[in-house]
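Here come two complexes built around subunit A, the first alongside subunit B, the second alongside subunit C.
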Partner chain A sequence: MLQFGKFVATRASMAMITLIIVSLVVFTLMELVPGDCAERYLAFKNTQGSGISVEDIEVERQRLGLDRPFMERWVSWIVGAFQGEFGDSCILRVNIAQLLGTKFWLSLSICLASLVLAYAIAIPVGMISAATNNPYLNNTLRIVSYFGLAMPNFLLALVIMLFSTVWFGETLTGLFSNEYRDAPWGWDKFVDLMKHAWLPIFILGWSATAFALQTVRALMSDEVGKLYVTAAAARGVHGRKLLWRYPARHALGPIVNSLGFDLNRIFNELPIVALILVLTDAGALLIEALARSNDQQLAGAIIFLLTASIVTLNFLTDVLLAVLDPRVRKSIMR
Partner chain B sequence: MTDQTTDTPQFGADQKAKEAYFTASQRQLIWARFKKQRAAMIAAWVLLALLLSGIFAPFLSPYDPTIAGRNKDYTNGAPQIPQFCDDAGCSFRPFVYGVTRERSMATNFRWVTKIDTEQRHYIYFFEEGWDYKLFGVIPMDTHLFATRTEGGFVHIFGTDSSGKDIFSRTLHAIWTSMQVGTIGVFIAFVLALIIGGISGYYGGWIDSVIQMVTDAVRTVPAIPLFMAVAAFMPPEMTAEARFFYISLILGLIGWPTLARRVRTHLLTERNQEYVLAAQLCGARPGHVIRKHLLPSFTSYIIVDLVISFPYMVLSETALSFIGLGLKDPVNSLGVMLQNVTSADVLLNYQWYFIPVIFFIALVMAFVFVGDGLRDAADPYSDTHK
Partner chain C sequence: MTSLIDVKNLTLRFRTDEGLVKAVDDVSFSLKKGEVMGLVGESGSGKSVTAKALMHLNARNAVYDEGSKITLHTDDHGEVDVLSLKRPADMKIVRGGAISMIFQEPMASFAPAITIGSQMIEQLMLHSDMSKAQARALSIEMLDRVGISDPAKRIDQFAFELSGGMRQRAMIAMALSTKPKLLIADEPTTALDVTIQAQVIDLMKDLVNEFHMGIIFITHDLGVVAQTADKVCVMYLGRVVEEGPVREVIRNPKHPYTRGLIAALPQLDDLDAPLVPVPGDIPSPLERPSGCVFHTRCQEFMGDMCKTRLPQDIWIDPDHRVACHLHDPKETGK
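So, the complex of A and B:
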């Protein structure tokens, strides 16, 4: 048990180090942007009609602490980030933690839901595809899954949305109906969310499924040819029982391990889908922060949060694998 | 090994085949295995066709894809399908019908296009048209097809809202997207070689530190990061500068996966005897990496490059799609896809979707060729089957 604790502690510290490196990269990028927060804010005020001088910018810079050296600001940023505190947004002048708040959790749950959906489809289908000898079924599945990769999912989103508008007269945009938007959380609001959220979940899951299907198929077809499977078949285990109890358990490890990267891929698609479906989640906020206002403070916070959730998932899958896989378990709990 | 002297007639053919197999170079072996895969071969032909149509885009396209080549009399025009026969009889030369446009009380003051079946615009081949430079150097003005009729036009994929020929734009877009992808892959590749090379060759703590950084970079979701970097481009940037900037970003963010592969290859190879021999002869690390280690897995690297190519194209498309990548005067597939995002297009101008088909074909062709190459380059792939 002590060994296990040590393993978890090592993994946790590695995750922390990764996050710190990432934060350094993100923070440096934010710094490289021409013009800092003070200039940007005051330039904005300038367009509103109030005259701004160079001294005003200096004063604002001091107020925001932008005159301190780079390392000092990075350390204070990262300390704040780990406490969920990202300071104020450059343009909107509101607290970022407040601005993101539930939006971030909502988009994270949507992404996780589509991850679950992807594997719920990919595992059984991938197993069938690996075990079958039917070349037509195999090739069809292969082409379908490649198609899932190549078909841009914003196109899918667009087509579904327009079809529903034209034929059912129902707009599928947004995450809530008007009457629930500001309502407190409750069962009704949840049901309303589910009515809207299935579309983004489906669309995000679409290409994730294609990827997952390939992973599962490749892993399973490596395993089904092995001797222990033949031995089990010779002992009279057959059909679904054979697949689930022997090769599937071996293939499980790499699949659990790759979950973090699958989440990464889903995050990649999130902003585009969010833009089309007019979702008010973190992805769309990111586009707004970048495309319209160059709000580096907000953009940095969102990228950091996205990466943090991937790192967390990676950490969790590592621990989960140590619990599930007897080989890993043995190696850490000698 | 094969014995040169036993060249008896009955073993001759068999022996030759064996000899060819044993003396074949790595490239010949890969090609032989690649040829056996039908899906990959089809994809390779599609890819070749798309590549050629990209290279010869100016020659193949009847109109200038920029605003200079717009057809102001036929905006949002439907595709014109060349035909050989109609009610008035057949001709050996393909033709399209002319159109008349009118706007009056009867049409509710909207421009309405009517096909005029009386008017035939014949299509002639190798016609002179707008000036261009083939491969960017040879000045030419010959185009594959055009009509000679005064005031006639042929838009086989239709036109967009400003009257630009979608066929011409698509061909040019394929080329642009390929260029962005190539430059991006190249930058990523050079970075991956340097970083992965150092990491894999030296090993030890240098390797651990580099791997930690690489893994950290790999966990950052790429598209949001792309967006963050791309948004910082000054809006007054010229189209060319933007083009190179986007390629640079794609390359700078795409290296970690490749670098990891290079490192893994190097780690397994560097303990081989031939490396030790070279080191004992006094070769410097740079020389050993370049002359001995890299050639040992060139084929794998090429495969990795082909596999990472469609993701570069996809990323470019995603960026341009949200309006942070290439912008309208430049024709890239992303810019073309951006045009299909309105309800108006889906309901009234479906031919805007034609570039999407090309885009999907390009990505799928690359994925299949990459897959086929990977299987072909794997010396153990035969034993799997």
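So, the complex of A and C:
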């Protein structure tokens, strides 16, 4: 047990180091964008009619601390980031942590929900398809999952919206109805959220499910053909026990391993889907910050938070894998 | 001695994309209680498929011919018609109950993420009314019996934590724990070091005497057969080409294929003697030769007769038969 604690601690500190390296990359990218926060804000002001001089920019730079060396600014940024403090947005001039707040958690929840949906479908269906080797089931699955892989999520979102608008007169956009948008959190607001959130969850989960189905089926087919399954059958093990206790149990390890990778894919889709469905979540903010207002502080913060989520999930799957697979566990224990 | 298992006209085809492929062709033999039989042949000769048929363990695409019959004589269930078993509960009799099987690769025949003990206990509880504690006690006793040191500790270990010889011992312990009447050993020593091989063979010989079981030893190694078996059955491309008492067959082989196998063995007393392999390769089961299946490689090929007509069993002695035109008085005129 002590060694297991040590393993968890080692993995946690490795995740920490990964995050610090990632933060350096993110911060460097933020810096590589031409111009800095001071110039950008004042240029933005300029378009609104107030005259700006070079001295104004210099004063603003000093006020924001942008004249300090790169490493110093990175360190103070990362120290803040680990405490959930990302400073002010360049353009909007509001605290990023407050701006993001619930929006980030909303986005993360939607992504995790689509991940759960994907595997809740893929694990039983993929395993049964591999175990029974029923040609009809297999071919149906193949067609469905190729369709899922080939059809981009944004197209699916557009098609669904088109149909719902034409047939039901519902636009299906946003995450909240008007009356709940600014209401405090409560049961009613949660129900309202669920009424809207199923669509982005379904759309984000769509290709993830197709992908996970293929993964699970392939891993399970591999296990079903192994000698230990025949050996168990030769000992009289049969039926559901022969399926779940033997091949399914052993296919789970690699499946757990693929979770982090899938969350990454879902994150990639998040901004585009957010844009189409007019969601007011972190995905929409990311697009706004990157593409429209060039708000490097805000974009950096969101990218850092998304990366941190992936690193955290990978850390959790590493620990889960050690719990599931004695070969991994025993290699830690000695 | 009374009969333990009778195999009559076993013919077995596999349904594949290329059509029906014959794997076993009209195989008959019987084994008495306490008798050890070697089933010898190259890879692809159908020996493993024949052995698996005894446990009704062949893949789902296996098709048995109408006339095939395997009868197992048991104490508890009377005469069992193996091929007519349908329900998993009935199959238990031949899977781990009255018949147990040891596989070639002990590493691959244990499930990697389940402890050895858990797999042993599961089997015992399937085949008897034992409580978990009783099953565990018996498993430890069996591990001790096959010469595994510290069995109370080993039982909670995984297969990957044991050495190759240990694993095969554990496999033997597991196979024998249900006190089967017939043990099928599919190349049980091929994956082991030569020194370990000898230990495992000695162990098996001891246990046969103690438990009074029949053994079917599947191997391509005539040396192993000579040491362990009472009788030997030589198979080629799914057919039994020669059967007889082991000493008789090795000293006085009748079939050109048996002679070839014996000539291919290295001789330690004459190191300069050349190794004489059986020429050619075993044909693909998709292209079974007409007539005698061995005629394409036979050193004593006698022309059209061998090419067109299937040789019948010729009885050299009351218990020694060979399927070859060489020994047919009608064909050779002798």
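Throughout what follows, the second predicted complex is superposed on the first by the 322 of 334 C-alpha atoms of A that agree within 3 Å, B and C clash if a C-alpha of one lies under 4 Å from a C-alpha of the other, contacts with A are read in each partner's own complex, and residues count from 1 in each chain.
Just so we're on the same page, a contact is a pair of C-beta atoms (placed from the backbone, for glycine too) under 8 Å apart; a residue touches a chain by one contact, two chains touch by 3 or more.
Just so it is clear, the model here is predicted, and its values are computed rather than measured.
J.: Looking at the superposed three-chain arrangement on subunit A, would you call subunit B and subunit C a clash or a fit?
T.: Taken together on subunit A, subunit C would fit alongside subunit B, as the superposition shows.
J.: If we overlay the two complexes on their shared chain A, which of subunit B and subunit C does A:152 touch? Say first, second, both or neither.
T.: first
J.: Considering only touches as defined above, state whether A:311 meets subunit B (first), subunit C (second), both or neither.
T.: The first partner, subunit B, only.
J.: Under the stated touch criterion, name the partner, subunit B or subunit C, that contacts more residues in subunit A.
T.: Higher number of touched subunit A residues: B.
J.: Applying the touch criterion given at the start, work out whether A:233 contacts subunit B, subunit C, both or neither, answering first, second, both or neither.
T.: A:233 sits against subunit C, while subunit B stays out of touch.
J.: Taking the superposition on A as described, I'd like to know which of subunit B and subunit C A:22 touches: first, second, both or neither.
T.: first
J.: Between subunit B (first) and subunit C (second), which does A:330 come into contact with in this model arrangement: first, second, both, or neither?
T.: A:330: touches subunit C, not subunit B.
J.: For A:59, using the defined touch cut-off, is the partner it touches subunit B, subunit C, both, or neither? Pick first, second, both or neither.
T.: neither
J.: After lining up the shared chain so the two structures overlap, which partner does A:276 touch, if you call subunit B first and subunit C second: first, second, both or neither?
T.: first
J.: Contact-wise, after the overlay, does A:120 reach subunit B, subunit C, both or neither (first, second, both, neither)?
T.: It touches nothing on subunit B or subunit C.
J.: Touch check for A:79: first (subunit B), second (subunit C), both, or neither?
T.: neither
J.: Compute the least Cα distance separating subunit B from subunit C in the superposition and give it as a whole number of Å.
T.: It comes out at 10 Å between the closest C-alpha atoms.
J.: Inside the complex, what are the residues of subunit C that reach subunit A?
T.: 55, 57, 60, 88, 91-92, 95-97, 100-101, 103, 105, 108-115, 119, 122-123, 126-127, 158, 160-161, 174
J.: With touch defined as at the start, can you tell me which subunit B residues reach subunit A in the complex?
T.: My answer: residues 39, 212-213, 215-225, 227-232, 234, 310, 314, 317-318, 321-324, 337, 340-341, 343, 346-347, 356, 359-360, 363-364, 367-368, 384.
J.: Applying the document's contact rule, which stretches of subunit A touch subunit B when the two form their complex?
T.: For subunit A paired with subunit B, touching residues are 17-18, 21-22, 25-26, 29, 32-34, 139, 142, 146-147, 149-152, 154-155, 158-159, 162, 165-166, 225, 260-261, 264, 267-269, 271-272, 275-276, 283, 286-287, 290-291, 294, 296, 299-300, 302-303, 306-307, 310-311, 314.
J.: Can you list the residues on subunit A that touch subunit C in the complex?
T.: Counting only subunit A, the residues touching subunit C are 133, 226-228, 230-239, 245-246, 249-250, 253, 324-327, 330.
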